[in-house]
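Quick heads-up: structures coming right below.
Next come two complexes built around subunit A: one with subunit B, the other with subunit C.
This part shows the complex of A and B:
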């Protein structure tokens, strides 16, 4: 760690991991509710558990991105952070807002929460992933602006590298597109259309810029490969991400009352969306093969390769699986979507944040890399979580194929709930995979505390 | 990557591609918004429907159901529930109204939201309006949603 202010990232990462645990606890709760419908009913109905599950994911990933930026930017810009104080204050503001919002979901009925937070003044609640009370959304904007100001000032007055400029572009995009969450017209088609300007343009747009720049940074650090080579890759990956992903938004405009031409545009452009992810995989393996040093942090290298592969599988392959309009006609809004969502988020965003944490945490704790035993546990947790997620995805895909057939394709389509009962085996197996994932996560946390022999310094 | 393909070229593809396709997206968005009156059923978007949409939101219905295929996959699609319930807003209202407070043993069940008769009517009218949106190929594929 070259600059003292990079250490602020530690706070952000600890909060991220704590909220990650919460996310998975609610995930396995929902998994159980899929097969034991009355589990925790009516205290924590499914919709509440889901809201907590998805919102915790978003919040902890944002903590992860912010922590990553605070660690990366000073080093890339070759100066201390513009205002370490602002970064600390915003951490507590964001954590408080996040925790209060989650407690609000859990402790009062959602309609009551809407009332307390005066949703009527500017109704923005009750849309998928954007369930936060309007006041929380305003808080998110304030935190995001303060964060971007801080990071931006650091970069502008320091060294500008391709990595930190791309990261900043991604973060600015994240903040700008979030503003669409305040637009909630009564017209449902318009509402849905612009809802995707937050959701799609985040996860299939600007977040890819963030992901690619974080990955590029870690790869430079752990492989020692020439920056010029890495930056060229970075540009071409994010170029493909935006060239395919912007008009690729159209794959969400097939069945929501939007014009028919989206069937063609959405299908063609989103069929190109796997390309940047495939290039990321090529990039990661290429660079690691050409490494000029063997970094003692083996775990970080594994996470970096893992995120590239799993993002390609989850976002690329599983996305392509149902992105063509004639296929999506049958699969839209089934367990196929859930399967894709799980592996894509894990592979692309969870894993890239864990890559950053894996690389930076030892440095912030005054080590080159975690000790041998700790890395052994971390690597084991990598495999347990990743393989569990592969199973979750495969099982949901199986459930989804059955669902599509029974409910939408067969000559005598069956009602939704009848079909769900028939999928119980898939859901039980998915629950087992989910609990295994949780075990992997605990092992991951344990790895930070595991004692052992220090790594040999090979440099 | 080959030396003939320089970082400068990669950068230009990135900036050029991003700006170009962002403008394409904006253009398509303008065109889409212009064409929506033909399909989005705005002629039936009454005050009552708007109130129903708010109820849909503040009770987090999307947390279990899908609406035009978007939402959670725990409970049935509601974009065509009006058709599925025999084009009866009364049937929709009765379903919501008589959900047991404690749920149904061992099964998924919908919470009791304690809506007033007026609110039930608003919500039912909202679902009827959604059913009237002209989706491509008349999605969902069949009445089961």
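This part shows the complex of A and C:
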């Protein structure tokens, strides 16, 4: 660690991992509710668990992105953070707002939560992923602005590199597109347009810039490959992400009351969306092959490669699987969507944050890399979580195909709930994979405390 | 082993064709690989990669076309289970071949062969 203020990232990463545990606990709870409908009812109904699961995911990823930026930016800009104080204050503001919101979901009926938080004044609640009370949303905007101001000032008055400028662009985009969540028109079709401008333009637009820059940063550090090489790749990846991803939003406008031309625009442009993800794989493979040194942090190299591969599988392959209008006509809103959603979120954004944590945490704890034993555990947890996620994805894909067939394709289609009953075996197996994932996560956390022989320095 | 420019270029083209045969240009990519094979000599880097491309794609053809074909024949066209297995299997295994071909392509750019442990030099 070159600059003292980089250490602030540690706070953010610890909070991120803690909330990650919460997210997965609610995931396995819901997994069980899928097969035992009254499990924990009425204390934690499925819809509440779902909201907590997805909101915790988004919140901890945001903590992860912010922590990553606080670690990366001072080093790239070659100066201390503009205001470490502001970063600390915002950490506590965000954590308090996040925890209070989750408690609100769990302790008060949603309608009552809307009343208490005066949703009537500016109604923004009640939409998937954007369930937060309006005041929480305002809180998020304030935290995001303070954060962007802080790293923006650091970058502008320091060294500007392709990596930190791309990261800043991605983060500004994240904040700007979130503003669409404040617009909630009565017309459902219009509402969906703006909802996707947040959700889609995040994960298939600006977040890709964040991901690419974080990955590039870690890869430069662990491989010692020239910056110039990496920068060229970054330009192309970003261009491809934006060219395909912006109009690609159309793959959500096939069947929601929008004009027919979206079926063409959405299919064609979103069919190009796997390209930037494929390029990130190519880029990571290439850089690792051309590496100038073997970094002692083997776990970080593995996470970086894993991110590139799993993002390509989850977003690229599983996204392409259902993105063409004639296919999506059958698969829309089925378990195929959930299969893709899980692997893409895990492979791209969960893993890129864990890559940053893996690389930076030892440095913040005064080591070059975690000790041999700790890395062994971390690497094992990598495989357990990743393979469990592959199983979750495959099982949901299987469930989804069966669902499409019985409910939408067969000559005598069956009703939704009848079909769900027939999928119970898939859901039980998914639950087993989910619990294995949770075990992997505990092992991951344990790896931070595992004692062992220090790594040999093989610069 | 001789590794002049032309051989390296051919090695790179071979791995690209192998990837293309698995994705955008099935069959065409394979035929092109066969043409390149004819130009190569034993114990050279281009022979190594063109052979790797040919074997990879032959195995892929068996694993993807033959095996899924058999799955459909044995499982029956009208059973949902056939499609559960065929689609999940095809998508996953196809992706694995693409990833492998991508790795070999990147490897050929370094002018070296594949190694057992993929993190070693």
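Everything that follows uses one rule, which is that the second predicted complex is superposed on the first by the 459 of 459 C-alpha atoms of A that agree within 3 Å, B and C clash if a C-alpha of one lies under 4 Å from a C-alpha of the other, contacts with A are read in each partner's own complex, and residues count from 1 in each chain.
One rule holds in what follows: contacts are C-beta pairs under 8 Å (C-beta built on N, C-alpha and C of every residue); 3 or more make two chains touch, one makes a residue touch a chain.
Because the structure is predicted, anything quoted here is derived from the model rather than measured.
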Between subunit B and subunit C, pick out the one touching the greater number of residues of subunit A. B
On the A-aligned overlay, A:290 touches which partner chain: subunit B = first, subunit C = second, or both, or neither? second
Is A:111 contacted by the first partner subunit B, the second partner subunit C, both or neither? first
Pick one for A:239: touches subunit B only (first), subunit C only (second), both, or neither. first
A:402 contacts which: subunit B (first), subunit C (second), both, neither? second
Considering only touches as defined above, state whether A:317 meets subunit B (first), subunit C (second), both or neither. second
With the two complexes superposed on chain A, say which partner A:123 touches: subunit B (first), subunit C (second), both, or neither. first
Subunit A contact set shared between subunit B and subunit C covers none
Enumerate the contact residues on subunit B facing subunit A in the complex. 1, 5-7, 10-11, 13-14, 17-18, 21-22, 24-25, 28-29, 31-33, 35-36, 39-42, 45, 49-50, 53-54, 56-64, 66-77, 101-109, 111-113, 129-130, 133-137, 139-145
Touch list for subunit C against partner subunit A, complex: 80-81, 83-85, 87-88, 91-92, 95, 99, 102-103, 105-107, 109-110, 119
Listed in rising order, the residues of subunit A that touch subunit B in the complex are 30, 33-34, 36-38, 41-42, 45-48, 50-51, 110-111, 114-115, 119-120, 123, 125-128, 131, 162, 184, 186-190, 192-193, 228-229, 231-233, 235-236, 238-240, 242-243, 246-247, 249-250, 253-260, 262-263, 265, 329-330, 332-335, 337-338, 407-409, 413-417, 420
For the subunit A and subunit C complex, residues of the former touching the latter: 278, 281-282, 285-286, 288-290, 298, 301, 309, 312-313, 317-318, 321, 394, 397-398, 401-402, 405-406, 410
